[in-house]
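One chain, chain A, appears in both complexes that follow, with chain B as partner in the first and chain C in the second.
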Partner chain A sequence: MFYFHHITCISPQKTFADIDIENIKPPVENKLLVAEPVYDGIPLGILRRMGKAVRIGVGAALKIAKQNPNGVVIGTANGGMEDCIKFLNQIIEYDEGILTPTNFVQSTTNAVAAQIGLMSVNKGYNCTHVHRGLAFENAMTDVDMLLKENSSHSYLLGGVDEISAYNYNIELLGGWYKKEKIAGVDLYDQNSAGSIAGEGAAMFWASNNEQNAIAKLQAVRMFHSEDENLIADELKKFIEENYLEEESVLFFSGENGDSRLQKYYSASEEIINKDFTVARFKHVTGEYPSVSAMAVWLACYILKEQILPDHFLKYSSSKKDFSKILIYNNYKGIQHSFILISRK
Partner chain B sequence: MSRIFVTGMGVISAAGNNVAANRNSLMQGKSGIASAEFLSTKYASILPFGEVKISTQALKEKLKAQDHGITRTSLLALHAFEEAIHNSGLTNAELNSFDTALIGADTVGGMCLTDELYHDANKHEQGSEYISSYDCGSVNMYLQSRFKIKGIINTINTACSSSANAIMYGARLIHHGFAKRSIVGGCDSLAKFTINGFNALHILSDEPCRPFDENRKGLNLGEGAAFLVLEKEEDVANKHVYAELTGYCNSNDAFHPSSLSENGDGPYLAMKGALEIANISADEIDFINAHGTGTENNDEVESKAIIRLFGKPPPFSSTKATTGHTLGAAGAIEAVYSILSIYNGEVYAGINFSNPIPNVGLVPVSKYQKMDLQHVMSNSFGFGGNCSSLIFSKA
Partner chain C sequence: MEREELKTQLKKQIVEFLNLMQVKPEDIKDDEPLFGEGLGLDSIDSIELIVLLNREYGIDIKDPKEGRKVLIDINTMVDYIEAHRTK
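Coming up: the complex of A and B.
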């Protein structure tokens, strides 16, 4: 598919500057909120008007955007949810009276990609994929096609979603967050429904240029199903198609502690080679629709640095050096993706 | 590269509940814009709307869609989707196969239920039945589960150009071998959310909108849905073919979050790029279905961009005075209209027009007429500078 060059990530962890994936910040009241950096590069007047999703999205993207990619492709399920509900609250509380449009304009899901295009004066391709748990996977597929159509181009690719008080409520009422307090890796031992909330923005400079690349996106496969047997069959096919049977691969599992989804992860672990190391990341990222973007960022970082701190590990194989990471993510038991990243 | 043919279409809008009814309204120059019957908003009696003339309950009954949490947006999508797949004759086996993609677009999703969302987002009590239906993705999640679609599924939101990008993405999936056929389109329903948003921006007209008119006062919001079935030339066999999708391009204006630049760089680049993909010159475009929302900003900038690219522009009109601006559905509905124009050799009037905008002087087609068309361009421009153009051609 294509190569990742410059990668950035604003997340609950130290992923933006002074990167440290060893010492992990635990969730507070079952939320992993982003650690926002000082945003140099965004004028204060503009920064003040930005909601969190736009702020972290633009903040993570700006350095890459300044390298003049040929377009901007973002995956986000909700965009600026906080602004959306702020505007909604105005509508109801002022009974559709005189309202200010700022929150409305910021609330459109395409606001992150639009602001990146605007601030970096990028008149190229600009698209926002919003298909929930597969928004970022579709964004990657879009970039793959763009790079096949224009082999010398480069694109800014990213995924971003925020926790706002409002979507937290909605997801909580929907039964997607745990009621008992989670401290970290105990997330996986609860045998109860729900997970912990997360948010973040991960951005990538993508091109066909192998030189100086950090990692390569080898393959993406996405589908909708509630049948764990189908997931297992598809994973088997994916492993065969990508000749992973004999390799020492890190299986990066999107396991999120939700007992209702465990059958998918168990079925997938049955399929993988015993030489695969199994690691998990949701205690680091929390659960959110475009979390696979941060999983890809982590995968690139782990491959580049060849470090995998123990807190990620579920089962370790005897082989310690891996050249490929296979991410399996599952959103709400119906949206599934396999993403294969390799060292160049 | 394989040619991409349109083998099925479905549409529902204020201009009618199916393709034939929409064409009929367009031929007669009949507008669907009126005061709203079903919409609950303070503005229902103050502002005109392009409302689909069926209640949500009647849609549920007609479509046998009494599912828990289903929204009007999903119902409109289902209505147009069913018409499109029946029109194309897609079998269940084809719908369920791994190589059938569904690419939809919307900007409102379940937020048409503005009051329900307000309660669910702010309260800690029992959630409503719509708790999983507010986001844009909810529409295609519903279609996926109802029709057991297994191929690539995506939802795109680039504001008012969303469904043009869904059509483009679906076509590209076929070109790249990620899908054998794509069902592509978009939908949106009227919502307090968008009505108040556009109202706060002072771009809603209190009269039926007048695209490209000197005295235009803004846009009317509408609702609806449209889907197309796209297939490769070698796969269509004996199927009926309506048109070929030959060109598409997405460009960003990179100027302002909610208005277009003076010279319309985004619109210009989108139209120019679509010509390049179609490999035709500007003078080969026989007709433009313009974005033409009826706002001060859009119509003047779009006119300038058209003049910049075409010199002497081909005949054009905007059908937004017929349907209202249907946001995420607009690109797909107007794609259906562009295809109907090519297929039937006819163009539809831009109604409510009297005088051209002084400094650009463009006059849209003022009455229904027969016209032999080889290539038709359809424009969709949105907030965030998201501009896309499509070109449909005689197959």
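Coming up: the complex of A and C.
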């Protein structure tokens, strides 16, 4: 696979400037909304037209775009959904009459990658993957294939999604968010359906260059299934293929407090080596389709700094000095991924 | 509606429609150019302003040349609204 160099993240937590993953912000009304920074690099005239997904995506990407990557590859399930719905509502409200262009321009899922390309004058490969809960994993796979074809190239890789009024309400009605108020790590103790909503943008400069890298993406596997036994089988194979049986590994679980999905996480924890430390991240990120991008950002940061605050921990092994992080994420009980990150 | 009241309303609408962060309606001068040196609007904003005139005042500007004469500053916009508004 490939190496991560610069990494940036705009999230509900302090992950962009003055990074602090120890003291975390709790959800408000079961939503973890991003803490938006001052966007120094975006001219006001452009910033005022951006929807939130575009704003946080471009804001997180611009620092990395300065490295002149050969292309931009983004994973997002919904892109600028808020602007999309504004635009569609205008069509109804004004009877298909005269419509404003801004909401339309910002509403496409590829608006984030397009704006990054335009603002950094990057005329290279520009692609957006929209495979819902596996959008970021597909973006990573795309970058991996690009780097196999062009080994000296580098790419800006990222994942971004926003909480929009529309998707929040639809997901709430669908039972994907909890009705009882969640304060933080109690997310995992409710034994009820649903999780908390999250949003964020995580960006990475990816290349084959090992020198000065923060971490390495060792392997990615994704699949669709509702069978927890298949998840366990796939995880067993993944662990064997990557020789993790004897390693000191942190198992980074996407457990999100949804009782309907717990069977998948329980099945996966049955498979892993008892020496693995098990940690969870959804109380920090909330649940959203491209949350695995922020999980990868957290994994890179944890490996680089060798810190794992207690609030992440579910089970702690005797081994504290882990060199690899295995992320298991699951979106709506059907889209699953394993991502293996290692110290380079 | 009095002319001054219309100007105040129009300035509020411009700030809201164009999401002009860091600009207060009262900061926009009546004779300040909307495009270029003044408020610094651009071509996408001109379309947004034409949509604003249509939605809020029932004015339909179809000829771009006519738009150029109207969208100069607050004074020219108010002149046009007073002469052509249908709501």
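What we mean here is this: the second predicted complex is superposed on the first by the 344 of 344 C-alpha atoms of A that agree within 3 Å, B and C clash if a C-alpha of one lies under 4 Å from a C-alpha of the other, contacts with A are read in each partner's own complex, and residues count from 1 in each chain.
We take it that a contact is a pair of C-beta atoms (placed from the backbone, for glycine too) under 8 Å apart; a residue touches a chain by one contact, two chains touch by 3 or more.
Remember, it's a predicted structure, so these values are computed and weren't measured experimentally.
Visitor: Which partner chains sit in contact with A:Pro37 here, chain B, chain C, both or neither? Use first/second/both/neither.
Guide: In the superposition, A:Pro37 touches no partner, neither chain B nor chain C.
Visitor: Per the contact definition in the header, classify A:Met145: touching chain B only (first), chain C only (second), both, or neither.
Guide: first
Visitor: Check the residue A:Asn89 against both partner chains and state whether it touches chain B (first), chain C (second), both, or neither.
Guide: In the superposition, A:Asn89 touches chain B alone.
Visitor: Who contacts more of chain A, chain B or chain C?
Guide: B
Visitor: Report for A:Leu47: first if it touches chain B alone, second if chain C alone, otherwise both or neither.
Guide: Second partner only, chain C.
Visitor: Does the superposition put A:Lys123 against chain B (first), chain C (second), both, or neither?
Guide: first
Visitor: Mind working out whether A:Pro101 is in touch with chain B, chain C, both or neither, as first, second, both or neither?
Guide: In the superposition, A:Pro101 touches chain B and chain C alike.
Visitor: First (chain B), second (chain C), both or neither: which does A:Gln115 touch?
Guide: The first partner, chain B, only.
Visitor: Which residues of chain A are in contact with chain B in one complex and with chain C in the other?
Guide: On chain A, the overlap between the chain B and chain C contacts is residues 98-101, 105.
Visitor: Mind listing the chain C positions that touch chain A in their complex?
Guide: For this pair, the touching residues of chain C are 17-22, 40, 42, 44, 47-48, 50-51, 54-55, 60.
Visitor: List the residues on chain A that touch chain C in their complex, please.
Guide: 44-45, 47-49, 94, 97-102, 105
Visitor: Quick one: in the complex, what on chain A touches chain B?
Guide: Checking each residue of chain A against chain B gives 71-72, 77-79, 84-85, 87-92, 95-96, 98-101, 104-111, 113-115, 117-118, 120-132, 134-135, 138, 141-142, 144-145, 148-149, 166-167, 169-170, 172-174, 222-225, 334.
Visitor: Can you list the chain B residues touching chain A in their complex?
Guide: Contacts found on chain B: 41-43, 98, 107, 111, 114-115, 117-118, 120-124, 126-127, 131-132, 134-137, 140-141, 144-145, 149-159, 165, 169, 172-173, 175-176, 178, 192-193, 195-197, 199-201, 250-258, 265-266, 269, 382-386.
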